[in-house]
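Please find the structures below.
Same chain, two partners: chain A is paired with chain B first, then with chain C.
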Partner chain A sequence: MLPFVFSDIGLLTSWEFVVFVAVALAVYYVLPRRPQNLWLLGLSYAFYVAIAATFAVVLLVVSAANFALGQALQLGEKKEKRWLLWLGIILNLLMLLYFKYADFYVPELRSLLMSLGLSADGLASITIRIVFPIGMSYYVLEMISYLVDTHRRQVTATTNFADFALYAAYFPKMLSGPIERAKTFLPKLAEPRVVDNQLMTRSLMLLVLGLVRKTIFADLLIVLIPPNFIGAADAFATSDLVLYIVASCVFLYNDFAGYTNIVRGISGLFGIELTRNFDTPFFIRNFTEGWERWHISLSRWLRDYVYFPLSRALLRRNPKARALNIIAPSMATMIISALWHQVSLSMLVWGSMNGIYLLSERLPTIRGRTVTPLQERPIWRQVVGNALTLTVGLTAFVFFTADSIAAALMFLGNMLNLSMAAPDGRILVIMTISLVLDALQRRWGEFVFVQGPRLVQASLLAGAALILLLRALTDLQATPFIYQGF
Partner chain B sequence: MDLTEIKTKLKQFIVTEIINDPDYTIEDEQSLIKGGVIDSFALAQIGVYVEEEFGIYIPDDDLTVENLDTINQMAQRVSQG
Partner chain C sequence: MITQETSSIFSTLKLQAPAGVTLAIALALLIALSGLLEGSARLIETTDLIDHPGSVGSFHMHFDPKIAGLRDFAAEQGGVDCIMFGTSMVHRGLNPAVIGPAMQAAGGEALNCYNFGVGGVRPSQIAVFVDLLVAEYQPAVIILGTTAVEYGLADYSPPDGPLIVGAPFIQHGVGNWSLEGWLTHQSQAYRYYSAGEWWFLHRNSWQLSELQRAQLAPDGFGVYPGDPEETLTVPSLRSDRFREEVQYLIIPEEWAALQAILAVEERGVDVILVEMPFVPTYWTVPGQRATYLENFIRPLQSLADQHDAAFIAAPTLDRLPLRYWYDWRHLTVEGSTRYGEWLGWQLAQPPAASR
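And now, the complex of A and B:
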């Protein structure tokens, strides 16, 4: 089970959070610019303390250490800088390893000590005490990117600790990203922020769309999908298993894209625009495209700080080793992505499968064959590409969702029964509406819902508000965002 | 080296080394990545090629679709040094 600890304020759809944001905005708008940053910093730490005070202490220590390392990287000599950078990366990774992977390494360590005939009693209490701070997986990546960019001279290390601490702690993005870069985020804190009509409209659209995605689509889907359909796959018909695994993926998408839209909307109201994390991922035509459209801020981080450096180093070293130069970076990147999510064998299988999928699309390049550009392929090939990508992608997704490899394999084995049952129409309706929204955004852009005539915009807003109101009146429980557990 | 020469070399590299079709014609303003001609992973190859051919290092962070989607953008980036 993924580690979760939070009070209701950590649930962005809770009333506590709504009140928190309303008060935050009211004070923010009357403050002059410089105190605005301090206000946001204070709010962010108050928000984190409300979830768990110890998490805030860990964040403060991480921020202070990286701020100091950034200063040293800015001012140090060339030779020093290299080891300072590695020191910073290692410290950040150790922090993540210590907190995030305790569930994995403590039992291993215990059995190792016991096999050596040593007492492992002390380790039992350690497991209880190590609780993973929510958001750490995200802010540690931000810290590493800050150090690397400072070393590359892509960023000038800031001398303003309050701004730097806000970069790490900014409450809309702290729990589950988007993973922001200091290069683009810090200048936003230094510049005057204007919330004009356009930004206000876009932000409110994101907020409403996010709430619909999360509280309607995701929260309803999670209730309709049987909780243990993978573990108890033999109790379901094949057609139901297909429906549930597709619905689980649509649920995860609406849950995470909904969260991202909500925080981007809230942040926009403060005049700070955050990175987009999803771009209509069910309309992809191959895996490379999928990589660029799902959890974009993580994909780009992995591309810029793992794939590109590794790929370029290999290409420089031996440009002729075409296969190695293509295979190693893709596989390493996808395996690191899997480990970032969770240390488990089934997650490693998920990462490896995605790595292999990416490689399969690069096979023609390795063999020296002509690659027809994606847009120039006939429509039927693009449609088949979409269907194939989603099918094999969902096969890998079984390993992402399952508790173990055995459970995933049993699930896939049960798929071969080819038995049929009447589908749950409610799931089909929700998935269809979700995909129609995506299709509109795919065709006319992310902000399609605020581009049409005023009457259409007002009708859409009224419709969404009514649906959300009805949802608020139901006793359906709000579920925590899944990605807060990573 | 002038812009025309840089563009010719970049086009040559992309059609022979990335899409493996020397007969493919690339326009200066053609959207290569957004248009699906090459994918963003290929930017690593372009980065190393630019480094070796023109002696210009483009940082990983600058190897983005926004910066290098067309031959014109790539050539401009190379000429900036």
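And now, the complex of A and C:
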């Protein structure tokens, strides 16, 4: 039975997934275009059913509802289009709220019912068990962008349900994005796909690099970072705490960027190129740039469907309230970003801090000053900007990682002890290699590793393959990707 | 390698020459690199450039070093006459360097024995080791040091056994082929890599293992120097749990594993069962020794008789007084020497006398 056979398929680094993709590609290459889409759709649902059949049902319902709404938006009158759009957005958000935030609202609901006089015994017999469908955080955002873009006439609602369902369910991106836009994704499904030498090379590079990032950097770091270093911060020296919080961020980056590279590589083999999600984020010079380089597909979604609409709306209502028109959209966007990740007070603090950081960079704009573009600033300012951005960014990251505000504050308090200890050289080595790879990509582009002489490329590939094979033999399936949890 | 545009049925895959050249070079380099690494590793091993045998991937402080130790021992001695199996009680209790000469002095034959006692294992895992190592080294004799504790519900040891047996090295050895298992058997480079991974990822376990490896005699005996401050520790022998444990109820699966170990007699290997001694203060519950004899020793003797195996009971309590013990089941080096001299004499006696 499929669910049994592919029980580990949710892990993109499992052998089951390797077999799944190999079979998928072998069949895909001999099919004409239309059956290719149906084949991909079937595979995507089989993939999802293998994880949980109920998740696939939810996805199908969401896809059908949004497809119908898209048709209605395309054909409807101007007035009804507006409420149809809002209906669609609200329905999608309610879906997300219902499933994603159950842990938050179910206990509150239970308390409320009890306060209204329902007996505790009676409530105890009611079992509320809501399981969050993996990937929903991503495909719901895609559905909203589709409706908005249809309403804005930036995309023509598709009449082909299979293509639309594939847009929502496409298995390489379904678990954790990248969050694709219908206006760029759907045309790719309507055209013949070509996997030529260049795309094949780039896709394989992304695949190998993704595996290196995930199975070497991320999986090794997570073993080496003490799991309780925030909760038990008083047991560690300040230098260790700094190392562990930096390493945690490097781990998260390699885990998520590794995942994204893998799925982009796989998708490229199908002739469908997906959006880049990370662009050397440790070489940023301020926060504005940081949000353009970290989880790019989410940042751009928030920019296009939260920040810009809110800014425009505020500007229309009160063009003179310059400060408010800049402060409110930034803060709202960052808080929504935090809530998208998780509903918790510490996450809200993380979002608010990022909002404040972004605003601090826009203050000169509020005062009407012109700002020198980053690349035109002197090198020393760029270096200082990088150090400062990473330092305050990592301070906020403590709240992202901590279970509670109290734990985060305790951690930051312990940082003030200024005690020193010998650093764990293993963590430093892994982080250094990871950053060197980033530096090469920063300097010579994302596909630097397939640009040099053939012998250099082959040597790099052989070295990576040897290390990956050795890692695969030992614990390939050891650690699930973190961002599948969001 | 694809040298021309592919067939027209491939509407999507349109690779043109020279596609695949880089992959082919990479594959060639990978093979060459693997060969170079293996050659270097073997050179390093034979010239002792690195004072480490590598790891077979169980990451167990006794098992991994002893697999390498046994290989070296057999190579140096031109084979191994006898392998001693058991738990940490055997690891620290049976000293081949004492038992062999004691046997010879008592008129017995000189046996070169290797101590393969491994901490935290039960007979069901020892049976797998026996199967594997008897097939590889074909010793004339195996000695199994054992107590009732290994067959009962009480679990005083960390659950290392299932982890060792689940390791690819063992699984490959018992017929479940895997690439990793094959590499642990065939490739010195892989054994170094495995040790490197152990060092890199599991630092505490590695340090403990290195400590144990430093205490390992060439014949596998664990020379635990002890801590001058260390005092004898005995479990709470008067607890209700202990009273329940000393009923010595035997788990059938473990008993069946013992029978499997004894079955190596059919492969021409002599089996000697040795009842490992406990600290004298272990025998505190009224009737405990009688229950032990009734529920464990008597069936053990009977089973040994059925398989034509020798059985040597533990010495009397006065032979190994309290000062020879680190804790309730581990002898000191001095204690193991005293016990080894006694056991060597026992082993040298004709079968009827030693039973």
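The definition used in the following text is that the second predicted complex is superposed on the first by the 464 of 486 C-alpha atoms of A that agree within 3 Å, B and C clash if a C-alpha of one lies under 4 Å from a C-alpha of the other, contacts with A are read in each partner's own complex, and residues count from 1 in each chain.
Operating definition for what follows: a contact is a pair of C-beta atoms (placed from the backbone, for glycine too) under 8 Å apart; a residue touches a chain by one contact, two chains touch by 3 or more.
Remember, predicted model here, so these are calculated numbers, not experimental data.
Superimposing the complexes on chain A yields a three-chain arrangement in which chain B and chain C fit side by side.
Rounded to the nearest 10, the angle at the Cα centre of chain A between chain B and chain C in the chain-A superposition is 150°. By the document's definition of touching, neither partner reaches A:117: not chain B, not chain C.
Judged by the touch definition given at the top, the superposed model places A:28 against chain C, while chain B stays out of reach. Legend: residue contacts after superposition of the two complexes on their common chain; A:474 is shown touching chain C, with no touch to chain B. Of the two partner chains, neither chain B nor chain C is touched by A:378.
By the document's definition of touching, of the two partners only chain C reaches A:462; chain B does not. In the superposed pair of complexes, A:303 makes contact with chain B only, with no contact to chain C. In the superposition on chain A, A:227 contacts neither chain B nor chain C.
Of all Cα pairs linking chain B with chain C in the superposition, the shortest spans 28 Å. Contact residues on chain C toward chain A in their complex (touch as defined above): 9-16, 19, 21-23, 25-27, 29-30, 33-34, 57, 179-180, 183, 190, 193-194, 197, 200-201. The part of chain B that touches chain A in the complex is made up of residues 18-21, 24, 35-41, 43-45, 47-48, 51-52, 59-61, 63. On chain A, the positions that touch chain C within their shared complex are 28-33, 36, 192-197, 200-201, 220, 223-224, 270-271, 426, 454-455, 457-459, 461-463, 465-466, 470, 473-474. The touching residues of chain A, counted against chain B in their complex, run 149, 152, 154, 181, 183, 288-289, 292, 303-305, 307-309, 311-312, 315-316, 319, 329-330, 358, 362, 364-365, 368-371, 373-376.
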